[in-house]
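One structure coming up, written as structure tokens, with questions to follow.
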Amino acid sequence: MSTATLEPRVHAPRNYLNADYGWKSWLFTLDHKRIALLYLISVTFFFLVGGSFAVLMRIHLTEPQGALVQPETYNKLFTLHGVIMIFFFLIPSIPAVLGNFLVPLMVGARDLAFPKLNLLSWYIYIVGGMFTLYSAIAGGVDTGWTFYTPYSSTYSNTQVTAVAIGVFVTGFSSILTGLNFIVTIHKMRCPGLTWFRMPLFLWSMYATSLIMVLGTPVLAITIFLLALEHLFHVGIFSPALGGDPLLFQHLFWFYSHPAVYIMILPAMGVVSEIIACFSRKRIFGYSIVAFSSVAIAVLGFLVWGHHMFVTGQSVFAGLIFSLLSFLVAIPSAIKVFNWTATLYKGSISYEAPMLYAMGFIGLFTMGGLTGLFLASLATDVHLNGTYFVVAHFHYIMVGGAVMGYLGGIHFWWPKISGRKYPDMWAGIAAVIIFIGFNLTFFPQFILGYLGMPRRYAFYPAEFQVLNVMSSAGATVLGVGYLIPLIYLIWSMRYGPIAEPNPWGATGLEWTTASPPPTENFAEIPVVTEEAYAYGPKEGSGD
Amino acid sequence: MQSMPFQPEQASSIAKSVDELYLFLTLVTVFFSALIFSVIFYFMIRYRRRSPDERPKPIEGNFPLEVLWTTIPTLIVAVIFVWSSMLYFKNAEAPKGSMEIFVTGKQWMWKVEHPEGQREINEVHVPLGRPVKLTMTSEDVIHDFFVPAFRVKKDVLPGRYTSLWFTATKVGTFHLFCAQYCGAFHAGMIGSIIVQEPDEFERWLAGGTPGESMEQAGEKVFQSSGCSTCHTPDGAGLGPSLLGVYGQPVKLTTGETVTADDAYIRESILLPKAKIVMGYTPIMPTFQGQLTEEQLNDVIAYIRALGKSQPKPKEEGKQ
Amino acid sequence: MSHPIVPQKTYILVFLCLIGLTILTTGVAFIDLGAFNTVAALVIAFAKMSLVILFFMGVRSSSGLVRIILIAGFFWFALLVAFTMTDYHTRTWTPVPQAWSSGAPPTHP
Amino acid sequence: MTDAESHAEKGMAHQFEDLDQQHDADMLGIWVFLITEIMFFGGVFAAYAIYRWMYFSAFDGGSHILDIRLGAANTIVLLGSSLTMVLSVRAAQTGNRRSTVLFLIATMILGGIFLGVKGYEYHQKFVEHVVPGLDWAPEGKTLALLAPGGVQHAQIYFIFYFAMTGLHAIHMIIGMGLLLWLVLRARKDAFTPHYFAPVEVVGLYWHFVDIVWIFLFPLLYLIGGRY
């Protein structure tokens, strides 16, 4: 609620922040920008909770026998770290914060199509979060965020039901957000804004929404069946009673693999905006980048079986899933090449958002390429379930999605808050995060190849050196994350007032005031040119 | 133990080929990462903003270039896919005549049984240079049998058998890990694979505690659990005789015919009412939870022996 | 933008068709068609669903976008079932491990 | 779905330019929602398909416990409610408030009958002791029907029976709540021939729930035939 206490600026024009005061004006708001801020505060809270679990884990793993907690507690730490980071931070981060704020602005509308559903989605998210936090307080849960049966359904006597309800409930928040975006992008674009004039961020939000809408319900029903099995022991997934535990994995990964694309596609959209702005260039191969987002969303649904190569899935199914997993790498590669080519003959400046975007490209490239090791059957047999996997998905989710999220927050912060942050500190933080991230997770690739399995509370002594390196890196990374938190909060009160378009960017969101008025635009804008008209003609677009 | 810090030991016949693919993938990764990094660095310096009003000329894109950088990754992943799938399929099936070992996963230990009757816990003795096939199952949750030095891994599932195989190429002791999270002491579900010279292995097999063979153990369970009171050899009991049944077709009350293989016997013990033999009533109680996986396997081994070593009985069961 | 107003008669006719199909599907269950019973039941269910979607839900006169969305929904469901089934149906293509699969009884010294 | 009090045109929300755009958005919204519903039920249908394939005879046996007459009758009741629903939408479209309300109430009554019959069937399952997890002890004739296919696996059939019909019934109850809300709004004259999207949206939802049942009936009641 800290933003609610923003000091009213006497001379400030009316905007969405000072339009109304008091907690009611926030908790019952239908303004997409205020709801975005509600989400911003809540995902930051969950990020800090999930992050503190990660810190505890890394401290624990500095010694082979475990330095801090009992193995049972360690298992609860990594489970809650996973559940909170995935369902309560990464999935809502860019869509529900930046997407909520920007989609109506970018399409030139006064709000999303369904503002009440939008507010409802935040409440649903909070209810889901409460169940999850309750489970943490009431003793924790130790199934891993993947909830594999029959361990979760029959053998674990921790708070499985509470977490299952939490994840089930929060899924609907994601569904409503996706639904709202799809309808808004289809039906509420302002005059002149054709599909191929849309900023790439909108394309990526559209692709993300497709996954949210098509995938999340399957997770919901799977978790529902899991809860039934956990409560009644009737044999849905329990082999002792005739059920098949692999069926749970199929249904679970049908959503949970595409969920990775829910995290990474929005970050790709953010990076497209940032690169175009800070190199003052149209995105190279705009339509190909746009289509590759949709291709990733569609193909991403057909690769889930690569999580199950060693589980006793049929080898032929494995073959198909391996092939499709390789195919989904191609649109990602195309995007990276196009971003790089965008820089060619540009006019590049190095403000903080650009540093994050460059960090994103580097880390995402490595994360993507190491994915090939896991899509390939023969090497996956060795690497599956080891720290290699942990390193790989952290390169994608933290190196990719979180870098993109932070880049986006820095890019649009002047628009969101109406204030500027100290660019030097932002640059320092970006570099610290990049270094800390690599120190933390690169050693884990080697650990995994050497054979250290994930989710181990203690480990053979020969793995200690690399684990200590990783923990040291985590310290740097943790510090790196705290710096933006401090200066962004500082800037809300003391930062210099931001002009409507501080970066000289194109895009409708920069044509209105910073922060925007409640109705977004004094008059519904009309678009007359393509996105990213940074060319020399001094376009009238902004 | 590990002298090379960046590579696990290569101690099986397939390890080298997996490492070659791994190396190739690493080279691809390093090459493309370096390419992207250096191009970005070059562009960021070469095209840095020199004056605030700079307005570079827009570039739409370049279709041939797009085709090029779609084709090249496609070709590379095609190569990797074919290479890795061939390797995987080559390594999927155990060679004929592999030595067999039975492994049961249980929270949080590995129980190992050799056909000769030797039993061990969290240790697997194997001979050098001979293909060994592990048949595995779990008594509770999903585990995973993982030997990094051999580059093999397979989930161990409850209610089902999975298998993996390897040929050890180095004498020594190697890590055995559980690689599928299985509960509180998942990290403690580790053990060692002990590779010995063949003659040394034979000595080990013969020596130590001379355990009884699986079928001997199975016979004991068969008696002590009361199976023998109904399943009498002459077929006069309440249940069908099990002589000569193994591997033969069995007619069911539903009219279907099934083969009395391991899966059927296992099901009949655990879920006796699922498939009733023609002419008998579903009165057998379930032995679910009363027999351990090991005992179950022993009984199956015993029934198998009944099927092989006895002549086929007269056609008295057909009604 | 609203749909054209459909005469009541059409709706009632569709309803009667649906009743007829319900009776048909129940009746077919009493005839032995072997595996074809399942096929018949599903085909009739699809026919009923099509009637409801086209007439009651008005897809007959709705925009292409709605049709695409609807088809996408069914297509995704088909993907889920098809890919999962691929695993189950091909598991037995390779030898299924058994307790001692080589067939050779355990030899003992 | 959306309504704002103070606006030029009746029923229009502030974020839209005109009623047409709003109507389009509402329609697209409900259709997108319905495909999430397809995937929601899709997950449990997929699981059902796999177990039915694995344990066909057990599912066959379980299916024989159900009363095919009640299932068929309920199908017809539900189809009837779809008819009254669509007629209610039509009445709203033509501006006939009285018929709109009457048809909505008729839909609710038919929905109530459906739920009543369903409740009776659930009760029967308790009488026959075929409720997995709560009361599972089939005996006598019931056991004789289940035994050939395997009693244990019939339990899986019944958990799917309860999960699928239960989820369907929850959707019905939500639908009845929405219908009640529509009745109250319609009585206040909230709808016009230009603005009746809420009726249409709830109607589409109701038809979807009907479609789910169209599949549940053959998949649960008609396995294996009754010859």
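For clarity, chains are labelled A, B, C and D in written order, and residue numbers in each chain start from 1.
The rule is simple: contacts are C-beta pairs under 8 Å (C-beta built on N, C-alpha and C of every residue); 3 or more make two chains touch, one makes a residue touch a chain.
These numbers come from a predicted model, not from an experiment.
Engineer: When you average C-alpha coordinates per chain, which one falls nearest the overall C-alpha average? Tell me, please.
Structural biologist: If one averages C-alpha positions chain by chain, the most central is A.
Engineer: Would you indicate which pair of chains has the most C-beta pairs in contact?
Structural biologist: A-B
Engineer: Can you work out the whole-Å distance between the CA centroids of chain A and chain C?
Structural biologist: Chain A and chain C have C-alpha centres separated by 35 Å.
Engineer: Need the CA-centroid distance for the pair chain C / chain D, whole Å please.
Structural biologist: Taking the mean C-alpha position of each chain, the two centres sit 17 Å apart.
Engineer: Where in chain B do residues touch two or more other chains at once?
Structural biologist: 92, 162, 271
Engineer: For chain D, what residues touch not just one other chain but two or more?
Structural biologist: Chain D, residues with two or more chain partners: 24, 28, 32, 35, 39, 42-43, 46, 50, 54, 150, 152-153.
Engineer: Any chance you could list the residues of chain C touching two or more other chains?
Structural biologist: 65, 72-73, 76, 80, 84, 88, 94
Engineer: Could you pull out which chain D residues touch chain A in their complex?
Structural biologist: Going by the criterion above, the answer is residues 1-2, 13-17, 21, 24-25, 28-29, 32-33, 35-37, 39-44, 46-47, 50-51, 54-55, 132-134, 150, 152-153, 155-156, 159, 163, 167.
Engineer: For the complex, give me every residue of chain C touching chain A.
Structural biologist: Contact set of chain C toward chain A: 65, 72-73, 76, 79-80, 83-84, 86-91, 93-94.
Engineer: What part of chain B is in contact with chain C in the complex they form?
Structural biologist: Touch residues, chain B against chain C: 92-93, 96-98, 100, 102, 115-117, 133, 135, 161-163, 205-206, 213-215, 261-263, 266, 297, 300-301, 304-305, 308.
Engineer: Can you list the residues on chain B that touch chain A in the complex?
Structural biologist: Contacts found on chain B: 1-2, 5-8, 17-18, 21-22, 25, 28-29, 32-33, 36-37, 39-40, 43-44, 47-50, 54-62, 65-66, 69-70, 73-74, 77-78, 80-81, 83-85, 87-89, 91-92, 107, 140-142, 144, 146, 148-149, 151-155, 157-160, 162, 175, 177-188, 190, 270-271, 288-289.
Engineer: With touch defined as at the start, can you tell me which chain D residues reach chain C in the complex?
Structural biologist: Of all residues in chain D, those touching chain C are 20, 23-24, 27-28, 31-32, 34-35, 38-39, 42-43, 45-46, 49-50, 53-54, 68, 72, 75-76, 79-80, 82-83, 85-87, 90, 93-94, 193-194, 203-204, 207-208, 210-211, 214-215, 217-219, 222-227.
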